[in-house]
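To start, I am sharing the structure in question, which I have written as structure tokens.
Order as written gives the chain letters A, B, C and D; numbering starts at 1 within each chain.
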């Protein structure tokens, strides 16, 4: 058990917090915080239209961030749209592509594993267009399996809206195979990558994903910035859904035209500081290395699971998480009672449905506790967590739960 | 006593395990009010029968955490037999208490006073107040 | 000419920059920068759903920011929706209210003074619904006058989309009177307040505005955060336009419901750091005092205009700006040639159409140079600006322009 | 010489004031290409007549800043009489030069070489390249 070399980069960890809530939002390394500061303190100017140094520099950093994102997922930079977050990205696809391409009788294929942001925009589209939502049956474990997918897709399927990694189970979807099959049926695949991008290398070209969405704040970046990758030809023919500011090309009294993608989707002043911070986050992730992150977190997760298996009084819902999310309840203890115990001990977990009601229905539970192992967690964190679980089990048992 | 012990008082646990006035009726004379907070798993229905300005009966059905279930039960027990006037006063006092606002200490909250421990747990205030809000709406 | 006491609060001013581009985006005081840092370094957690201290605290600050905004414009906090910026706010009104309330034959009244963000969302609505865009004729000066407004509004007018202050001319629209008349005709008034909020006290109740939009980054706050004020009854009956995350109430397999306003409009993880920074910006503005800002900037503006009046070789398009925006060209010099001169001298102005093409058509020019006086500008800044104008006039004349 | 003097060279001013090959024709044999950049006020149309792999004629109409107007004029003058092959090579070299990329110094840019001063003004690169991009598109 060697020292964790990354902790020192995360100022929030000075607070004696055992942070297991990275699936909700990640901590930010100093380099990201400083880059946000650099914009706020030194540049603080608007982009694209200023000629003085600060504005030029901000524009340059903004566009470099776009290249950096493109490079990170093996896309071209004109395929990268900046948004407010994954939710905004997925809604953009639903509102612009979905509403204009689906019709009565068409089907949207999705899963009960989806985060609400990957599900209800498509319920909206279904409602608006007369298309139907269909669900890929989950395996007993709650996984999306290729067989089930093959059995459900049909000629009517026009869109597959699916997560790359589930935010409750941490399961990795067999995306590459799913996309290949979907394309045989002529369906477009919209991937919610919010829980994948910080854990595994994502190559949109090799996946052949049509759309891929994720959030800066879950990958060490600032809040307020999201990404939508879309294939050039798809983005090019899509209408923007917000109008005004720099996206306009020519404006006349009763009509207007817009610029090319991706600028046409970025209406008004964008979250410039967050975009600039995002670039630093990607650099940090690259420096640490996604493979190192994976190895370290896997070892730590295995250590945790071994301890959990020795524990009576907790119910674990995912014994084999691919990205080291662990979701559980204390037996007989409502998750909102349990969470208060952990919070008092400075352990950051999350209680509730994690914006994923359907998987809770599938598990036949109301709510759950969720934690995530990330690379700034330590063996000590895990020891404290497991010890606290033991205490909590005793505590609630004594109370009569 | 630590903060948690302030929250999980014996009375609360007792109501959690043996909720009073549980089970809904299908009587239109009762005003019924359901509040769900699906993201926590809370689902609370309060039914109130008011006659001649008096709370004649309260029925409740609550699922969720111990605090929300117990507070529905305590509420039902306290309110039966009160005048609407009195009931409203108690609700306001209770809600002020759990939300850490100033409240009229002269109002006797009876068993509901044990929920004061929730003040230290801002995230649980909703659990302690959800049934009371549903009840209050029924009186309007 | 006393010392400017506020400059020390703006780190960017150490860069020897003469910053006249506040209408594009304002500089940020240290208190705002620090508050963003506080979130990033100490809290860095998601809101609304966490129970541990950091998440609670972030939630608290987020909701306090909402109260602070409400208080600043005399609204209730449930009437304040957070968005990505003014552009997003105005598009929300257009997409949710506009598209669902307008019909063939209805009219949308607007002006050639609008920023594109206040104009083209309504062109979209007109296009979608069959409603018509009509323009309030401008006065010779380019102002929106009450008489012209009265002469243009009709029973067919359903929406008046109008700026509070023009971002090119700095003119103050007679908003209170316009809103009163619009309401007599049963029209809803959507105000673009992006250039007003940092200069004049805004009281939405006294104005009786139906919607009022503005941006954090133009009022000393961070980028990435905007505000939409809407009357409670209007917001309550409006549909959200983005779905997912915390805005959902209950989610079932084929349908879902949403929470109450304003939460129903805030889908997914919001720009938490920016919201928290916005609160600090409002506090800073209140501490300085909008009346002090007005007095200081007015004096400085008068000083500038006096100097400009003595200058040959520049064409000023607005001699009486209410918020101290000055828009001009060097005679015979295309604005993009001129701007390079100023940029070389570390003077931040903006060249182009400032996302307001129609007012340039009205002025019968292609483009212009725009500056703004704000309270962190000094008499020295103005002297440098005017001296540089003189040099530039000579320089370009010698070149043969 | 300061940066601005590098930008506003005499040749550029001369072309700005006396643009060559100005005025569009209504001849369908010319390939026409218009690029607008309304936010700067740039509006540039380039017409090219290609015959037997040769650029026979170029007409242009440009409004905007001096750099964009002059670069359209210089372009037109340089290109007339070139083979399409040569013309493409010159365009690529020019665009690489003004965008501060590596470029083939063996290619003679003739008068267009004076636009190298734009490198120091990243925001003006578009002004210097807009006509050239329009021309290039016409050759495709």
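Everything that follows uses one rule, which is that contacts are C-beta pairs under 8 Å (C-beta built on N, C-alpha and C of every residue); 3 or more make two chains touch, one makes a residue touch a chain.
Please read all numbers here as calculations on a predicted model, not as lab measurements.
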Between A-D and A-B, more C-beta pairs in contact link A-B
Between the Cα centroids of subunit A and subunit C the separation in whole angstrom comes to 31
Subunit B and subunit D have mean C-alpha positions lying a whole-number Å distance apart equal to 77
Whole-Å distance, C-alpha centre of subunit A to that of subunit D, is 46
Distance in whole angstrom between the CA centres of subunit A and subunit B is 38
Multi-partner residues in subunit B (2 or more other chains touched) are 38-39, 121, 123-124
Where subunit A touches two or more other chains simultaneously, the residues are 49-51, 246, 250-251, 339-340, 343, 351-352, 355, 357
Among line, ring, star, complete and other, the chain touch graph is other
Those chain pairs meeting the touch criterion are A-B, A-C, A-D, B-C, C-D
In the complex, subunit A touches subunit C at residues 11-12, 15, 17, 21, 24-28, 32-33, 36-37, 39-46, 49-55, 84-88, 90-91, 94-95, 112, 115-121, 123-124, 126-127, 133, 135, 215, 217, 222-226, 241-246, 248, 250-256, 267-274, 339-340, 342-343, 346-352, 354-355, 357-358
Seen from subunit B, its contact residues with subunit A in the complex are 2-4, 7-8, 13, 17, 38-42, 63-67, 121, 123-124, 127
The residues of subunit B that touch subunit C in their complex are 36, 38-39, 121-124
Subunit B partner, complex, touching residues on subunit C are 49-51, 56, 60, 246, 249-251
Subunit C contacts subunit D in the complex at 334-337, 339-341, 343-344, 351-353, 355, 357, 366-367, 395, 399-401
